[in-house]
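Both complexes below contain chain A, partnered by chain B and then by chain C.
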Partner chain A sequence: KETPYDLKCTTNNLQKWDCSWKAPSGASRGTLYEFCIDDRSHSCYHLARTNIEIPALSPGDHEITISLQDAGSSTSKFILNEKNISLIPDTPEILNLSADFSTSTLHVKWNDKGSVFPRHSNVIWEIKILWKKSMELVKLVTHNTTLNGKDTVHHWSWVSDLPLECAIHYVGIRCYVDNLLFSGHKEWSDWSPLKNISWTPDSQPKVFPQDKVILVGSNITFCCVSQEKVLSAQIGSTYCPLIHLDGENVAIKVHNISVSENSGTNVVFMIEDNVCGTVVFAGYPPDTPKKLNCETHDLKEIICSWDPGRSTGLVGPRNTSYKLFEGFSGKYVRFKKVDVSANESYHQLLLQMVPNQEIYNFTLYARNPLGRSESTILVNITEKVYPYTPTSLKVKDINSTAVILSWHLPGSFGKINLLCQIEINKINSVQESRNVTIKGVENSSYRIAVGKLNPYTVYTFRICCSTETFWKWSKWSNKKQHLTTEAIPS
Partner chain B sequence: SMAAMGSCPGDFHVLLGQLQKQAHAMQDPSSLLDPYMRIQGLDFPQLREHCTERPGAFPSEGALRGLGRRGFLRTLDATLGLVLRRLAAVQQQLPEAGRLGRPPAARPRAQDLEMLKMARLNILGLRNNIFCMSRLLGSSWDVAEPTQAAPGTSPPPTPDPGAFQRKLEGCRFLRGYHRVLSSAGQVFGEWGKSPS
Partner chain C sequence: MSRREGSLEDPQADSSVSLLPHLEAKIRQTHSLAHLLTKYAEQLLQEYVQHQGDPFGLPGFSPPRLPVAGLSAPAPSHAGLPLPERLRLDAAALAALPPLLDAVRRRQAELNPRAPRLLRHLEDAARQVRALGAALETVLAALGAAAHGPRPEPPATATATAATAAGVFPAKVLGLRVCGLYREWVSRTEGDLSQLVPGG
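Up next, the complex of A and B:
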């Protein structure tokens, strides 16, 4: 070709265009060129190379003239339009790649260099994750952001299925600026230089993840980082096919894991004359506490009990912890011990009543490494009194047809009325039951007169109580036998 | 039968007989190691072969024999103290036998947990008789706290090796424990032949 040809322009920031052309045959390296733009100012540039950076031109056609200096008619004309321009962003750079090995999470940080772009643009970032020395692609994801005219640092995290200790991981990033006002051709940037992260193995073989707590039914990958050849691997009693990684490192994939034994499920890798392993604890998050009930025996101490529901399969340090929170007073109590009743396992918590507070807004929080749940109950505690068993039942004669019953019923019942049932048994006679309402007292001592008895007759008394706003009867007191006095001869 | 907790038979040979019987019973791995392995999910042939006594963790039979009677009793008592601590750590990780409201498939066999509890009681019984024997031998006895273990038995604190390694270490430890009791049985046997 006798004149400059093949003019191509790209831009990496929409503000400058980078144009280059091919030199005509015969042009030497030091040839001088004149590059002119047919715009209002008819700007021309003189240069000794075949590329130039010019300010972005306004939309529409622009005539470009490139001529060889001192070479007579060696001039070419081109029509340049934004449509012919390719927007190829600069190659991005990862500022930082870090790993949280305990959670197998990679953290990527990069700067979007938004300051070089004039207008707000949508940017699509593509992040690729490779692993093993053979750099196999393991993940390709897109991440959308918006350029806002300033340099902004972005963060992106990714949780690996495979523990990061098992193999070297590489991360690369590229971007695509999707500026809606730019009419030219848009292309992906080049990939950033790869950054990598790897774990420094020590001499002893080691299995990862260590002591993981996971949901029943999960899929999980374990690996053994070893200098020596791994012969086999098993989870519990099930052998698993080995997946070979770098060197002698191997992995196994477990699908739909079942609930673990209490001591966890062993994952064991057999090596020449050694063994290494880990334990996985597959369980459930805590069920929503069922049958949450709060009551009191004595209007001093509140007892909340509940059924924990489905067993989580997790015990010991992974056991479910409970916290009972009372909304009005802000008080809370942590769950300490378990009571095993005859038929089911239920839990209970005790907390002191708040002086002069009758309404309680309880929320029971349940939590274990796999999740949390809660139940709530709003109670007027004076309507949830389940009195203790009446004790020290005594009988004292008033006369031959009336006696005084006295008993002890622990509780601060001074502000409420009690409802008691007195059972009166006479040998060879129908059992009689009388309900009486009694003013509650603070000192737990109660007495009541029982009349209309027969003289010189053996009676057996027993008593149980509840409150006027009935919730539960107490258990029956012990029985008390008594012979009424003889009637005075009339 | 094991000596009741706290009471001491006054006769040397009666007490020695009980000690021999206890040592003989407790050296059997089925009394503690086997249930431990089942509970910990280690009950596989290829894992069993890795459940070997860690050299130096416990005194050899010769070393026990060379300690003399009082030293032997003190060392045996300290070793049993360590075992009690190890058992307590294991039981902390597991529910009570009776509190097993969990899916049957995942429930450890309740009797294995019971056997762990029995083993603990047996150890307490043996320690009680060891105490009685030491009194019989006229030695003053300040209860050797578990930390005063037999030489070379308690490794310096190291970073958490992980649950599996702890299980395996527990297994090796109990293997050693049974061996020590077997050796103790031998030594007690030799006591029988020479009263002083």
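Up next, the complex of A and C:
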């Protein structure tokens, strides 16, 4: 070709266009060119190369003239339009790649260099994860952001199925600027240089993940990082096919794992006269606490009890912990289940009553490594009194047909009325029961007169109490036998 | 029992050492204790295995005999050593076992909190092996064969700490190893003592 040809322009930031053309045959390296843009200012550039960076031109057609200096008629004319321009963003760069080995999580950090773009643009980031020295693609994911005229650092995290210790992981990123106002052709940037994460193995073979707690039914991959050949692998008593990674490292995939025993499920890799392993704890998150009930025996201490629901399969340090929080006072108390409690379904917490507070808004939080749940209950504690068993029941004569019963009932009942049942038994006679309402007291000592008895007769008394706003009867007191006095002859 | 009542060390002594009655009784008692603990140790090992989950206890699963600081298995040459030397080695091993058994119990209390029997047996084992060790030391002293100088602090405590820090699986394997060593040394002690028991 005798004149400059094949003019192509791209832009990486919508503000500048990078144009290049082919030199005519016979043009030497030092050839001088004149590059002119037919716009209002008819700007021309003189240069000794076949590429130029020009300010982005306004939408519409622009005539471009490229001519060789000192070469007479060696001139080419081009029509340049934004439509012919390719928007190819600069290759992004990963600022930082870090790993949390305990959770097999990769954290990627990069700068979107939004400051070079004049206008807000949607950006699609494509992140690829490769593993093993053979760089097998394991994940390709897109992540959408918006350029806002300033440099913004973005973070993205990914949890690997394969523990990060098992194989080298590489991460690369590229982007696609989807500017809606740009009429030209949009393309992906190049991939960023790969960054990688690897674990430095020590001499002893090691299995990962270590002592993980997972949900029953999960799929999980275990691996053995070993210098020596791994012969076999099993979970519990079940052998699993080996997946070969780099070197002698191997992995196994476990599907739909079942609930573990207390001491966990063993995952074992057999190596020539050696064994290495880990333990996995497959369980459930805590159930929503059921039958949450709060009551008091004495209006001093509140007892909240609940049924934890389904067993989580997790014990010891992985057991469910509970926290009872009272919303009005902000008080709370913790509970770590003592595993040896035979009664699996009964849990209880004690909380001191708040002076002069009757209404309590309790929230019971349950939590274990797999999740949390909660239950709430709003109670007027004066309506939830379950008195202790009355004790020290005594009988004292008033006269031959009336006695004084006295007993001890612990509790600060000064502000409420008690309802008590007095059971009166006479030998060979029908049992009689009398309900009496008594003013509650603070000092726990009670007495009441019982009349209409027969003189010189053996009676057996016992008593149980509740509150006027009935919740539960106390247990019956011990029985007390008494012989009424003889009537005074009239 | 301040004066040596018979000497295992004296080369001229008649090989069948004539022992004073109460020393003989002490030896018999210690031997009986060792015999009893050998039986318990076997039961403990079985019980321990049952609580670790498969493949523990399955044929073909034989984890490596990990080294335990301060406590190795009885050497094959043990049987060929002179009796006093054997008894001293037995005593040293018995002294190293309690902190290890305690460490195993603490770890099992986390893993198997609902296995109170296992936990109690581990606790008993630590106490009983301490008692057996003390009894054996008394016999050795009475025979003038006690180890010279104070017994060094059993480095087993370092292993006990390691057991706590280790992952769960290595801790299970170490526990198995300790229970195995416990059985081996108690059984060895019984065997060695039986040679002291007249007519044994």
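Convention: the second predicted complex is superposed on the first by the 481 of 490 C-alpha atoms of A that agree within 3 Å, B and C clash if a C-alpha of one lies under 4 Å from a C-alpha of the other, contacts with A are read in each partner's own complex, and residues count from 1 in each chain.
Please note the rule applied: a contact is a pair of C-beta atoms (placed from the backbone, for glycine too) under 8 Å apart; a residue touches a chain by one contact, two chains touch by 3 or more.
Worth saying up front: this structure is predicted, and the values here are computed from it rather than measured.
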Clash or fit: chain B against chain C, after overlaying the two structures on chain A? clash
I'd like to know which partner A:69 touches here: chain B for first, chain C for second, both or neither. neither
Would you check which partner chain A:236 touches, where first means chain B only, second means chain C only, and both and neither mean what they say? both
Looking at the overlay, what does A:258 touch: chain B (first), chain C (second), both, or neither? first
Scan A:317 for contacts with chain B and chain C and give back first, second, both or neither. both
Check the residue A:207 against both partner chains and state whether it touches chain B (first), chain C (second), both, or neither. both
Quick one: name whichever of chain B and chain C touches more residues of chain A. B
Once the structures are superposed on A, label A:142 by its partner contacts, choosing first (chain B), second (chain C), both or neither. neither
Would you mind listing the overlap between the chain B footprint and the chain C footprint on chain A? 207, 210-211, 234, 236-237, 260-268, 274-279, 315-317, 340
Taking the complex as given, what residues does chain C use to touch chain A? 51-56, 58, 61-64, 108-116, 167-170, 172-173
In their complex, what parts of chain A are in touch with chain C? 207, 210-211, 234, 236-237, 260-268, 273-279, 315-317, 319, 339-340
Contacts from chain A onto chain B in the complex sit at residues 207, 210-211, 232, 234, 236-237, 258-268, 270, 274-279, 308, 311-313, 315-317, 338, 340, 344-345
Chain A partner, complex, touching residues on chain B are 39-42, 44, 46-47, 50, 92-96, 98-99, 101-103, 105-108, 162-165, 167-168
